[in-house]
Amino acid sequence: MGKRNLKIKEEKDSGFSTVVSGRFTNKDGRYNVKKKGINILNRYSWYHTFLLLPRFKFIGVLVIAYIIANLIFASIYYAIGIEHLTGIDKSSPVQEFVDVFFFSAQTFTTVGYGRIAPVGALASFVATFEAFLGLLGFAIATGLFYGRFSRPRAYLKFSEIAVVAPYEEGTAIMFRVASYKNNMLSEAEVNITAAIEENIDGKLVSKFYQIEPTLKKINSFSLNWTLVHKIDSNSPFYGYTEEDFKNTDIELIIMIRAFDEIFANNVVQRTSYITSEIVYGARFLPMYHSSEDNKTTILDLDKIDDYQLVKI
Amino acid sequence: MGKRNLKIKEEKDSGFSTVVSGRFTNKDGRYNVKKKGINILNRYSWYHTFLLLPRFKFIGVLVIAYIIANLIFASIYYAIGIEHLTGIDKSSPVQEFVDVFFFSAQTFTTVGYGRIAPVGALASFVATFEAFLGLLGFAIATGLFYGRFSRPRAYLKFSEIAVVAPYEEGTAIMFRVASYKNNMLSEAEVNITAAIEENIDGKLVSKFYQIEPTLKKINSFSLNWTLVHKIDSNSPFYGYTEEDFKNTDIELIIMIRAFDEIFANNVVQRTSYITSEIVYGARFLPMYHSSEDNKTTILDLDKIDDYQLVKI
Amino acid sequence: MGKRNLKIKEEKDSGFSTVVSGRFTNKDGRYNVKKKGINILNRYSWYHTFLLLPRFKFIGVLVIAYIIANLIFASIYYAIGIEHLTGIDKSSPVQEFVDVFFFSAQTFTTVGYGRIAPVGALASFVATFEAFLGLLGFAIATGLFYGRFSRPRAYLKFSEIAVVAPYEEGTAIMFRVASYKNNMLSEAEVNITAAIEENIDGKLVSKFYQIEPTLKKINSFSLNWTLVHKIDSNSPFYGYTEEDFKNTDIELIIMIRAFDEIFANNVVQRTSYITSEIVYGARFLPMYHSSEDNKTTILDLDKIDDYQLVKI
Amino acid sequence: MGKRNLKIKEEKDSGFSTVVSGRFTNKDGRYNVKKKGINILNRYSWYHTFLLLPRFKFIGVLVIAYIIANLIFASIYYAIGIEHLTGIDKSSPVQEFVDVFFFSAQTFTTVGYGRIAPVGALASFVATFEAFLGLLGFAIATGLFYGRFSRPRAYLKFSEIAVVAPYEEGTAIMFRVASYKNNMLSEAEVNITAAIEENIDGKLVSKFYQIEPTLKKINSFSLNWTLVHKIDSNSPFYGYTEEDFKNTDIELIIMIRAFDEIFANNVVQRTSYITSEIVYGARFLPMYHSSEDNKTTILDLDKIDDYQLVKI
């Protein structure tokens, strides 16, 4: 339950609701909302789903789809009758099905060795259709692969915690962020919204405030970037004690937008810090230094969470 | 025939014409305009057409193109003479054509079992060309598949109707919208234009007005968004009675633009509300609630059109 | 040689040079500049070249590349010796080369019937490499096809001529433009620069002026758009007579930018009007009308150049 | 060690650190920063890496991957036993492995001549899996090819050096840039930051300043563009002598952003000039002229570095 800094204007256009419980934004930046209603098939964009699937699950889905497709077609060929396929090893029914299965795979992938080949209209027709389907299937897989790896992403690493640190004559809330891959970001801009639970006429309600950092934009995002929100009379946290920071439901919702110069596209990443992720009385330690030959700068990404406790 | 709020300035840059009848924008957001003149081949972008084709029609077009291509090539091989293909089953002319057709399919898909194979220059030449065409065909299909599923779309569901509801001391026009898929929208912005038919010197003419909502932009588009246009002295609807709303040709033309964070692209969706889609004296019912464990919010998309009648 | 409207400020940021002769922008919107120096291979982006190639030339380039690749590989197989290929028809040297050529094509497209197949390490090695190259070749073709048809284009048709027409109490320069395909444009914006040859201290020099249309932006680009530049005291053409318009080297350089809602991308198109393309004393005729059932609007693209002469 | 122009405000949002040695931006525009920490696999985006690989290295990587894949699969088939493959030439163990290797290649590329073909479940299973992997591999290659050649790039050539030249009554820093390919750029905008090493309380520290060119934006980027920063009292270089320019650690960090009209995308390119790349007392020579028929302009890219020494 936060106390209210009456000088500060509530923000109306956050897009979040004031009356719902739970975290607004998950740590990974996804909204904490579940949707129901509408047909489940219409509620999911399968393409968005495939884009966000972890790599091994994605490959797994492709492999399973390949096996299932071949099992289905093998069953169809088997039902039609193996006399419509030349070159089948007929030593046992299992062997027969195995050969039919591999014939299906050779058709689906368009390898078509020809050791086994269809004769007669029915088997030939199914094979014609299967080869077509196989090519379309790999066309879709090509698109999914490209969609996945060309998807513009920011590849930003945020510090796990935010700190309340001494700053100038007072204090400031700080967290930091660095780009951890070999991409090339510029013109980075931050947007910070604070959701603070307040007691309004006896009811706990979340209020939203725009949080101003000392630096809202940087031209070159080459090193780490420490975001600093000075707690002065324009801050909703003005007058907060250590106790207030520990006992109030706070959520800092962060969005960083930058321009990826290699992709020539804007990228966005989000995260949030809740009360338990804000350390009162701490200071981040430097995370970069000069190289030994003094010719370049080393950015040590493992140090992004390094901080020391300080007295405020 | 609307009465005129003389304080309000007409909007010049709507891009629509004042003298044409019929709806300006269809419910699905497409302009209600037909084009003629210019060669019909130049008047359609076949790529735009393929992007907008429903899924099953798209697959159907591919299947039909595949069959037609094979029929054409089969006829060519047949005309050249089946003696230029080895392995043809010559038991009957129909059987011959069937085998030639499947040879064509095996070439077009590059399966190439080899049970049937071309001998001699002519058949080989056609097969060489067909395999090339087949690969280009599937290259185009790959591009179309990717174009279709990577196309940035907003996936927004608008309420079927707009309402005139009590608001503060007066009334407001409201409608609502929610993103219904697992995409992730932020920085949504709305643009509303009203087309109102007015009697100018005895002629009915459509006038266009920029409609200001109380909130033009939201940072996070996680829940539903209720757009509210307060009917005050700055509104073209100032002084409208229930009768005016029923008897005037009104069209609210809506455009929402948002940023899809997964695609990292701007998306746009349009719709419109005409006189018969505006309910006078109604209020929308809430469409989200907390989950049972109080940890997340449930957005019920089936409730987007739920409203109750109220007295104004 | 234009006379100078001394109230008007020259534009510095046109990016064109004041001292060069000839049209600045070609009718199709390309800059009228030739580049030399730098290695010719580095001076062309082959991808930009392929994107802009007319459709039939593009297909032609692919076909020729396919034939050349097969001729090269056929020659290699032939040089290695046809005894390393099974199934070759050895009735004559020509027939041998033909068979080798078709074997190459069957390998390049990965059809691989197997009637002809490599035996021995050398021919097998070349075939292994050829199949690899074939697949990469079609991978590139797939990318080029997709790049070509997914390229965001405005598909705008400009009137061939601009007119000087009566407008309010004076005159205005007008031209018009319409989108002629089934794309869906919104938020169109125009930028007009006039290059006027002026006599500065006895030397003819091009001066650049920003030309203000009465409407710089439209929300919905559904019909045609007539651009109107009123010739008042803020215009560089203020005080121009019919003779001035005919005897001065004028170039109106036009750029229109719009948002394609289907592609969700900005598109741009340029054109220019030079002195001989400006008709003094003419008025455009309407190019749209209501459908017979009064429910939609018909835009007749063939009428975009229809005008009648008027007295000014 | 620069002297300080006290009228000029330091820039806070450059995003570079004030205390690190070495060049900030490399000549090719990449940040001069090395990253360590985090798992090396997570520190690289392999897609960004592949996009930036020189063309021949990229092809080389594909070829090597193809050979390795076939060696692995050939070993597996060999381990399973060549009796599970029909048509193998068993004249010697080497010959056997060679044939198995080529069988693998024929499967991976889906050529599948069928001269060699799998019999029995084990070899067939491996072949089934290999064909699947081959197709996915070429799907990825297709995506990489497309990603590489569709990547929006500015194709700008900067002059190797910047000059301090006479300008109006004083001097100016100038450098120039031209687009050297057949792309089509417009709405180019420049951003220049100067990093100047200054003596602050006895310590050498880099200070950052926003550098204002006389023209920050051009509409049409058709010829070369000479950027001019006038050294007046608003410049951090105000009062600098030739000695100051030679003895101070200066870095001019340049970013140009433009709109590529063919790709319909924004493109960005960077470079920087350090002290040793700034020539005091020089003037660029013209690099374009009219064609002989006076109908077009010739831009000679080889002259971009041509300058003559002048006395200041």
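Per-chain numbering from 1; labels A, B, C and D assigned in written order.
In this section, a residue touches a chain if its C-beta (ideal position, glycine included) is under 8 Å from a C-beta of that chain, and two chains touch if they have at least 3 such contacts.
Keep in mind that this is a model prediction, so the values were computed, not measured.
A.B. asks: Same or different: do the copies chain A and chain D touch each other through matching residue numbers, with over half of them shared?
C.D. replies: Comparing the two copies, chain A and chain D contact each other through largely different residue numbers, since under half are shared.
A.B. asks: Once the Cα atoms of chain A and chain B are superposed, what angle does the rotation have, between 0 and 180 degrees and to the nearest 5?
C.D. replies: Nearest-5 rotation angle for the superposition: 90 degrees.
A.B. asks: Could you work out how far the Cα centre of chain A sits from that of chain D, in whole Å?
C.D. replies: Spacing between the chain centres: roughly 27 Å.
A.B. asks: Would you mind pulling out the distance in Å between where the CA atoms of chain B average out and where those of chain D do?
C.D. replies: 38
A.B. asks: Among the residues of chain A, which are close enough to touch at least two other chains?
C.D. replies: 106, 110-114, 142, 146
A.B. asks: In the complex formed with chain D, which residues of chain C make contact?
C.D. replies: Against chain D, the touching part of chain C is residues 12-17, 20-25, 29-38, 42-49, 51-52, 86, 106-107, 110-114, 117-121, 124-125, 127-128, 131-132, 134-136, 139-140, 142-143, 146-147, 151-153, 191, 193, 253, 255, 265-268, 270.
A.B. asks: Looking at the complex, which residues from chain C come into contact with chain A?
C.D. replies: 110, 112-114, 142
A.B. asks: Contact residues on chain A for chain D in the complex?
C.D. replies: By the definition above, chain A touches chain D via 62-63, 66, 70, 89, 95, 98-99, 102, 105-106, 109-115, 138, 141-142, 145-146, 149-150, 155, 157, 180-184, 186, 188, 215, 217-223, 225, 259, 261-264, 288, 290-291, 294-304.
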